[in-house]
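In the two assemblies presented below, subunit A is common to both, partnered first by subunit B and then by subunit C.
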Partner chain A sequence: MAAVTTTSRQKLGWGATNLVVIALALIPVLWLASLSFKTPTAILDPSFVPAQWTWGNYTQILSTTQFIRPLINSIGIGLIATLIAVVLASMAAYAVARLRFPGKGVLIGMALLIAMFPAISLVTPMFSIERAIGLFNTWPGLIIPYVAFGLPLGIYTLSAFFREIPWELEKAAKVDGATPFQAFVKVIAPLAAPGMVTTAILVFLFCWNEFLFAISFTSTLASRTAPASLAYFSGSSQFTVPTGPIAAAAVVITIPIVIFVLFFQRRIVAGLTAGAVKG
Partner chain B sequence: MTTTTEAAPGGATTEVAKGRKAPLSEGARAERRLGWLLCAPAVIVMIAVTAYPVGYAVYLSLERYNLELPNAVKFIGLANYGAVLSSSYWWEALWVTVLISVVSVTITLVLGMLLAMVMHRTLFGRGSVRTAALIPYGIVTVAAAYGWQYAWTPGQGYLSAMFNNSAPLTDQFKAIGVIVLAEIWKTTPFMALLLLAGLSLVPEDLQKAAMVDGASGWQRFVRITLPLMKPAILVAVLFRTLDSFRIFDNIFILTGGNNGTASVSILGYNNLFNALNLGIGSAISILIFICVAIIAFVFIKGFGTAAPGTDIGKR
Partner chain C sequence: MAEIVLDNITKRFPDGALAVNKISLDIADGEFVILVGPSGCGKSTTLNMIAGLEDITEGELRIGGKVVNNKTPKDRDIAMVFQSYALYPHMTVRENMGFALKLAKTPQNVINEKVEEAARILDLTQHLDRRPANLSGGQRQRVAMGRAIVRDPSAFLMDEPLSNLDAKLRVQMRTEVSRIQRRLGTTMVYVTHDQTEAMTLGDRVAVMRNGLLQQVASPQELYERPANLFVAGFIGSPAMNFLGGTVEENAIRTGIGDIPLTGRLQQVLSRSGSGRDVIVGVRPENFEDASSVPADVRPHGITFQASIDVLESLGSEKYIYFTQETGSVDAAELTELARDSGRADTGSGEATVVARLDPETRISEGDNAELWVDGRALHVFDPATGQNLTLGDSGSPASSAGPGGGAAPAQADAGAAGQDTGSAAPPPR
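Presenting the complex of A and B:
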């Protein structure tokens, strides 16, 4: 049949389609990169490729605490929130995937509700609560809501992964005299590691991206994260818009994403689809 | 105290009836306890961060509470809701939010489906297409939004230059168009990946059989692919709709909510941080929460969307 052999015309067609997709995905990112290399005068020229190149924007942002400190905050808050969320979500997901207990439906319903929750609804009351108990403008003030919003993602993704694990091994361990807890830690946890890495990546990307809580619950460099800091950049004078430095900072916070995507794209795709579309 | 009161008459029968109405065996109880123990920390965090603040927001929304006038706090019943619902700002923000959601989700669904087909069917370069598509998904929304903002700024943006130095961000409908564009660029890959997972569940045999029977490509798509993908499509659309209903980042950076482009989330934020009004801000929070609940309810009851994850409980 003709359909089996691919004609060169078909190949050309697919190649063109693929190129269009890749171009559409990359052009806005390349535009940001181009802006970040433009000199202040070149920025006022709308051409896509910089007329004059400079590293100045990068040296400027990387030499002030205005950006370095938020970067450290972002990494620290993201890592801690991810760690806590993955540990708690693994425990719950194990129970959901493996154990019989009343209230499982309630847990799943609750996670679903939170996954759909409008974050803005929390901002006003959380702002008030955090100010009252001294969490406002601290790392824990952001870590706690990030853990809460990372948990539903984690529970869904992980319970989907956990259902794929060969559980006969757990039974074998129990026959050999292991308690359910030992079976979890010694046998299942190592098998579950790939799913946990995937979940950790997704939760970290969420924390890294988050903006609404980050501008609402922080007020100084002590806890402001990198995305929030972009909104507070100041130019060389009060009246210049710091386009170049903002573009450079945007590129810097995008680099980890690009690295993650290049290294872990299979895992990211598996994780994204495992939680949402199964069965 | 007395753990052996089950008085199981013959261990074998209780083993068989395990999980039914029979008294619980020691193992089943241990399993129960472990289940609760493992879930407890996650449940506590989720309740502490959502249920409690929402309850508190309900309480705050019934008070006159302006941070600038801390001594004038007073219980005023539903007056805040009355103030919000009779304000043209609320209705304009709601209309803008619904417009952005409907337009961006519709276009994202169509483009996402096309992208999913490309990723599913392409003969080569599948890996590079997927890698490229994941970048918009992963990129920090705020970073991308600055890119769009500068691209549409007259005198410095390539897109503005392409369209006769236009300044779309200063006009309500054009600005909404730019916001929708930024949303579509950012979320199409996510939609495509969810749909791709659904697409891979459509059996190849069925497609081949239809092809032998003389069905055209379009007929196969409408009669076979779409019906089989319905659950995946509905879940993806539900998630995208709820997500775009809370749109904040793109608008905040692109227009700051000026020129009639404020979404309900922007309105709630401004009420808290510019007007410093906790009472009104909380009333807006609760109204947004109710809107989201209605959307989810309509999808799950009206369209028969299986709530994602409901199959987990059946194990």
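Presenting the complex of A and C:
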């Protein structure tokens, strides 16, 4: 009996701890959602549930290019950067997983280094570079750094997937008359497709959430992404803080992520842990 | 259809390891040749070099008369079956079998025709639209064979294709492989570490050890006239028994008694003088229950007493195991064989001897039985070089490449291959 009481007490303890953690994580998000449904006059109302529900904040942000245009930028830049990063990463990962070549260790080390590098220390030099070569405030100005930071992530995830594909399949393809490129495209790549999808999701999430480069390397709506655009929201007059619209925009940006993660949860976890444990 | 000629082929890996050492082998058009040997002997590397999956360090490889050293696998017109089958998991059976033809830009109706014909041969017709994951081991194995067959290549290469199957299926597929090869009449090189497969399948068997060719001959020849200790110990199941012995006048003194020397053996051994240490090899079937040996045969061998440790009855035959003071049986070959078969204790002073007896025998476990050994069937080996002295130097067709022996291996190998091509052309079908 003693053992059972301890277990139920333990369960209770764990349950309580989990609840606290979840509450800490979720309350700000729910608070944000609540704010986005409040009228401008009720912003300072401390009650959690809005006294008067309104879609006004949403209609306001979705009817202005101030937010629609950055949303399009975000989607465009994210998709292009993801595509480039996945294609390059799959080639690099294939080489890392399959070939023995001089400098392989250095390459992997460099990739890791880039992934770990504090982005803030790169912002100033990169700002100068982008100004100098005319990339500042353009789509490529963001796509290039995103690809650079997405690549290490992609190489790591994909090489784990490639390692799990038996080498004999490639030998078989070669004997069947395939060139190395055909073997990659027709045999290896289709088998690594789940890995590529996972990698694409991870890289896209990174691009979608990125804020530092987005705010530093853009100056107009031509290339500003959604997270950066939030900082430029203005109220109806100079003296009002546009809390409601900001909250609404934050919710709009978050929704795709939530849907993505719910849908691809297993894929993402598989991608992050692929190759970690021999199956 | 093509003959494959390996001319002094050597493979040295970048780390300096010598995997294959100057192998020369002529494989005739339509011949079924088995490469056999313990793991790490270089047989798979040799096969990969023929396929073009590994570079050839030295030597020349000719397929159908053309040097193909620097050709990619796709230009060699060979098909290969892998140990893991290496079926493309994302393609159906039909797509798997047609993949090579599709790459070769064969018209779709021709592909369909060939795939369906191969499927008929292999009894896969009803599985054509399934994926490999939904097939059983035997079916996958047949798909792998089918993928090779549809291409109608000049040669098939098989890398331990049956070793992933369970025992029963393996025997069944072994017959199947043999039947298919006979039906198609295509040159086939087959790698295995299983001596039973080697014995049952091949027109000729090439035994390899440490990257060196030991002997190339028909299965029967290998069994009856092994060139050296390694071949003798590797071919045959249960394996040949090895006993230490000393050459005396007209006899060899061994742990089981003095075995009289007869005929040619006497000639060969008398030259080297008495007192010489040798290793005596006796096949399990050359022992017999002394009581069942007819009186007129008895003088050809000797009888001795042995206490039977274990008796296994298989119905058609009985195996008995007894321990013998074997003397100093110590040769590199035997150590390696022991390691390969897991009997790491051979070569110690005492060893277990296996004898195959007629099922009529009344010997039972624990008996101190009287056994007879046939003196005519002895193999006598030189412990230093491992050479089979029984064969003598009377121009035996069995080739030998003494590892560390007197003859330079390269020369011996080249001679072996040359001799064998003459004598072991594929049998007419």
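Methods note: the second predicted complex is superposed on the first by the 248 of 279 C-alpha atoms of A that agree within 3 Å, B and C clash if a C-alpha of one lies under 4 Å from a C-alpha of the other, contacts with A are read in each partner's own complex, and residues count from 1 in each chain.
By our rule, contacts are C-beta pairs under 8 Å (C-beta built on N, C-alpha and C of every residue); 3 or more make two chains touch, one makes a residue touch a chain.
Please read all numbers here as calculations on a predicted model, not as lab measurements.
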Contacts of A:32 with subunit B and subunit C, given as first, second, both or neither: first
Touched partner set for A:248, first subunit B, second subunit C, both or neither: neither
Touching partner for A:135 - first (subunit B), second (subunit C), both, neither: neither
Partner chain in contact with A:92 - subunit B first, subunit C second, else both or neither: first
Partner chain(s) touched by A:81 [first = subunit B, second = subunit C, both, neither]: neither
Subunit A residues touched by each partner, larger count belonging to subunit B or subunit C: B
Which superposed partner A:120 touches (first subunit B, second subunit C, both, neither): first
Contacts of A:203 with subunit B and subunit C, given as first, second, both or neither: neither
First, second, both or neither for A:147, with subunit B first and subunit C second: first
Subunit B and subunit C contact sites that coincide on subunit A, given as residue numbers: none
Subunit A to subunit B touching residues, read off their complex: 6, 10-11, 14-15, 17-18, 21-22, 24-26, 28-29, 31-32, 35, 43-48, 88-89, 91-92, 94-97, 99-105, 107-129, 144-145, 147-149, 151-152, 155-156, 159-160, 163, 180-181, 205, 208-209, 211-212, 216, 226-227, 230-231, 243, 246-247, 249-251, 253-254, 257-258, 260-262, 265, 268-269, 272-273, 275-279
Residues of subunit C touching subunit A in the complex: 51-53, 72-74, 78-80, 82-84, 86-90, 99-100, 103-104, 147, 151
Subunit A contact footprint on subunit B (complex, rising order): 19, 28, 30-32, 34-36, 38-39, 41-43, 45-50, 52-54, 56-57, 60, 115, 118, 122-125, 127-136, 138-144, 146-148, 150-151, 155-158, 160-161, 185, 189-190, 193-194, 196-198, 201, 231-232, 235-236, 239, 242, 245-246, 248-249, 252-253, 264-265, 268-269, 271-273, 278, 281-282, 284-286, 288-289, 291-292, 296, 307-313, 315
Residues on subunit A engaged by subunit C in the complex (per definition of touch): 166, 168-169, 171-179, 182, 186-187, 190-191
